[in-house]
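Here come two complexes built around subunit A, the first alongside subunit B, the second alongside subunit C.
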Partner chain A sequence: MLFIGFGGGKVLLQQLILNGIIAGSIYALIAIGFSVIYRTVKFFNLAHGIVYTAGAYFAYTLTISLHLNIILSFFLSIIFAALLGIAIDRCFYYPLRKKSASNMIFLLASFGVFIFLQNLIQLIYGAQILTIRTGPVKEGHHLCGAVITDIQILILVVSSLLLVILWLFIQKSKLGKAMRAVSDDPIAANVVGINPERIIMTSFVIGSALAGAAGILISYETNIEPTMGFSAILKGIIASIIGGIGSIPGAVLGAFFLGLAENLGIWKISAGWKDCIAFAILIIFLLIRPWGFLGTKTEKEKI
Partner chain B sequence: MLLEVRDLTVHYDSVHAVDNISLHVIEEEIVAMIGPNGAGKSTTLKAICGLLKPKSGKILFQGENINGRQPHQLVEKKLCLVPEGRRVFASMTVLENLEMGAFTINNKEEVRDDIDKVYGLFPVLKERRKQKAGTLSSGEQQMLAIGRALMLKPELLLLDEPSLGLSPNYVDIVFEKIKEINNNGTTILIVEQNARMALEHADRGYVFEIGKIAFEDKAKNLLENDEVRKLFLGG
Partner chain C sequence: MEYILHILVIACIYIILTLSLNLIVGYTGLPALGHAAFSCIGAYTSSLLALNAGLSPWIGLFTGACVAAISGIVIGYPAVRLKGDYLALATFGLGVIVYSIAKNWVSLTRGPMGLPGIPGFSVAGFQLSGIWSYLLLVLVFVAITIFIINRIVNSPFGRILRSIREDEIASESLGKDTTRYKLLVFIIGAFFAGIAGSLYSHYITFIDPSSFTLIESITILLMVIFGGMGRISGSIVGAIILVVFPELLRFLGMPSSIAAPMRQMIYGLLLIFLMIKRPQGIMGVYRFK
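What follows is the complex of A and B.
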């Protein structure tokens, strides 16, 4: 996913660790968004991947086509991603909830939404790769024997900031606590006066904003294409599962573990094996510890 | 009259249906609904608090028809349920559980006062305020579930099987507390399998039998009724 010029044989390990951390922070944004939504709706929202893609294309449109200031376009793109999340829920999942559809139906619907929106993006922008980066590539900074670019520093700073804000929101705010309550027991939450639809909408706003942010950040770093969301959502899901499905600290842990494992794995073998490493880790976890690092054993039945 | 249920029919599943029942609760009463498993007591309670949609009939709360309202809407009318099986928020602390009980109340000072009142009623919750609710004993969880519902200052408190799965010691404590809550002015409608315990603490009772109400009377009279004794109170 991320390509950086290596500084030579000796510094390769440091560089791979750094690449792993950067990849991990992007995975973390996707995985946390996925988990936040999973916790309230209890199904795998595959359409989460297309919100990530859409975030990148919103950023492209606003920055390149409309020549907006990059900071303004960053925030606008996050808002559009959140709105897209709400729209997906209202148009597709809400009617299914009214019919008490099974989780399998939701999973299929979310996959359908993913394919539909991916094709829509392809129809509008074409299948070719696009790039936001303008001007020459600047040389990176040297850090503990590795090279890090300005954009990568931005990715690390912004994603850490978003993780901290989200954590404080969930732990301290009333709405965040209500989200935890719904995740624990939706019926009990309902009888103390929490409107479940309001919490579902909140979780789609937050989850989609995080996925959008990940897509926007990656669009500054690398090329974008309509199919980019597929591998992103797979990595997000793998990170969530190995971290413990539904656990937010677990999703962060899983994301960094995955990012590092993928990148350190290619120290000795070819980079083409990255996805293979990710899925091997998933399979090992499903066989040995299906509830992940921080999940509870009861959650494993839901996978 | 605080609550009046008229000709209520609910189809839940074939076992738990209730058919054309009527009952009422007057202010400051404790009313018990007793009867065997599957007779429709819990179904009736779930229909009153909005967890189940009735097929037909009227549910009047303070004179207003609340048939078909969602539970979170009824909370605003001060009609609150302590659900069967306690259902505390297991991963949240005792204090956070109580705060969630006050989700609809925006005045922070009021919430703090109410939490103190709940601690006054259940001192053990104060001791355990920082503990995760999932780690409490079932008796303590029941107190937390009741305390959480009291945060809403209900006019009518619905209790679904409060003694289920509790040790005999806790059953006594829970019923004592129910009486105390009632003495403080809260009307209570309770569904209970422990018929004797429920009738000993209630003012009136309804005896359910396969989706119908078989008897209704003052609790005292039901305790002395031969047929009720033979069927539900073990002779």
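What follows is the complex of A and C.
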């Protein structure tokens, strides 16, 4: 463990910063997907994490088991992830919305969905780790004293591209405007003729596609296992909260802050403490600045 | 027979955990998702005292429960200042932190290797070795827990807890310091969870961090919700059914590589089903607001 870049003191600061940025870009995809969904349904959708896992497993099935082209399988997996998101919403959350259940009930139901699907994946693929990587591992490029691999460059490029597309969609398109309207005031949006169910479905499509994309990208970089989604969704939620819940620029900011803090935090200690650092940051934020970096102070009433 | 008795002992330990969580979740309405953290602290304190200091498990049990109660203050302090989802998330996080400490503080807890060879209880110089005697021991603890929790919820203190659950602002307006009461509930709940953790560690004689994961916390919460929020009899029924029922999967001849995820899938589906159809549980009186 000590010699492959995990242990204390042996890793260069530049490498940790780079790792933090890459982790941050994955967290950003998850956190934004989470925020897009949160803005319309207003609960913590833990099942978002299983869409991330499923994205990775879709990519694995299509690339390794069905020998599809890697680019084709990338897009197909994103579509499947989006469909999974809609299916989860229609099967489990729609009946709860009909009963206007409380946030906590939604949260626990989404946790139930998470546990169910995670174990379904484990039943199908087994609990062991799988890998998509074929061929030998190439040496990375050197950049200011740190090493970056081709796949990591791909992760950075694709995730920034997705962020820009999403930002344009929400700011410029009519559907994006409708989504913002529902997020600000669902009743008024309904009055002016926006169908909330349609907007919720759109947000699940976009959110789940982003989570799926994050899962697929990470599956090119590391091994995948059925339990990978849990830590991911928790990081996504933490990033959203410290950025300001529901704010999309906030989620990006929170994600990069979290990625960097986690990786710099393990400079002198073992990598096993990452989760601990992430939650310590969350709890400090909840106590001192619960509305996050970019949230408004009025949100505090709900916290 | 031995196997059935073993399941009963485990069920009894879960009854203590479920009752103590019901006090926090069902009676006071605080959605705490990190209950396994308290039993983790109780189990590790008790086991480490027995293994490293050679103390009797009885002292370990009591110290473990007290340390868990103190951790209840530490965990409860930030948690009770938050509401609803955020409280759930914060307790979740504190559960992760305790788990990480158990896993990563290798010099103290031996990390993922776990602590083997934890000594069992002895009464008046006789080592409790048979499973019957252990069942008797945990039954005594279950009886004590039921008695004390029953007294708590039926006392004026219990009425304040329910008033916090129903309408916190109204109870504040009557001059009750609700933050203090919520913190007290966390301490009491943590104390009993610490006892359960210590009983578990001295019974199984081996603990490792994987016994105290978040899934474990959710399982305990599922038992509370399934049996009934805010009802003692509900917790007993919920714990027994959810411990015994998955064991039936074994009798269907499933290998454990299938039975383990199957059991979790059933728990997941049950949680979804309860939330959609009956969020207060079989005989509960409260649903999450």
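We take it that the second predicted complex is superposed on the first by the 289 of 303 C-alpha atoms of A that agree within 3 Å, B and C clash if a C-alpha of one lies under 4 Å from a C-alpha of the other, contacts with A are read in each partner's own complex, and residues count from 1 in each chain.
Criterion: contacts are C-beta pairs under 8 Å (C-beta built on N, C-alpha and C of every residue); 3 or more make two chains touch, one makes a residue touch a chain.
Since this is a predicted model, take the numbers as computed values, not measurements.
Superimposing the complexes on subunit A yields a three-chain arrangement in which subunit B and subunit C fit side by side. Residue contacts after overlaying the shared chain place A:177 against subunit B, while subunit C stays out of touching range.
When both complexes are overlaid on chain A, the residue A:120 reaches subunit C alone and has no touch with subunit B. Greater residue coverage of subunit A by touch, when subunit B is weighed against subunit C, goes to C. Applying the stated contact rule after C-alpha superposition, one finds that A:193 touches subunit B and leaves subunit C untouched. When the two complexes are overlaid on their common chain A, residue A:266 makes contact with neither subunit B nor subunit C.
Using the contact criterion defined above for the overlaid structures, shared-chain residue A:83 touches neither subunit B nor subunit C, since it reaches no partner. In the superposition on chain A, contact is made by A:185 with subunit B only, not with subunit C. Nearest C-alpha atoms belonging to subunit B and subunit C sit 19 Å apart in the superposition, given in whole angstrom. Those residues of subunit B that touch subunit A in the complex are listed here as 49, 51, 70-72, 75-76, 80-81, 83, 87-92, 96, 99-101, 103-104, 148-149, 151-152. Residues of subunit A that touch subunit C in their complex: 43-44, 92, 95-96, 99, 101-109, 111-120, 122-123, 126-127, 230, 234, 237-238, 241, 270, 272-273, 275-276, 279-280, 282-283, 286-287, 290, 302-303.
Those residues of subunit A that touch subunit B in the shared complex are 174, 177-178, 180-181, 183-185, 187-196. By the touch criterion given at the top, residues 31, 78, 81-86, 88-90, 92-94, 96-97, 100-101, 103-104, 214-215, 218, 221, 225, 257-258, 261-262, 264-265, 267-272, 275-276, 279, 287-289 of subunit C touch subunit A in their complex.
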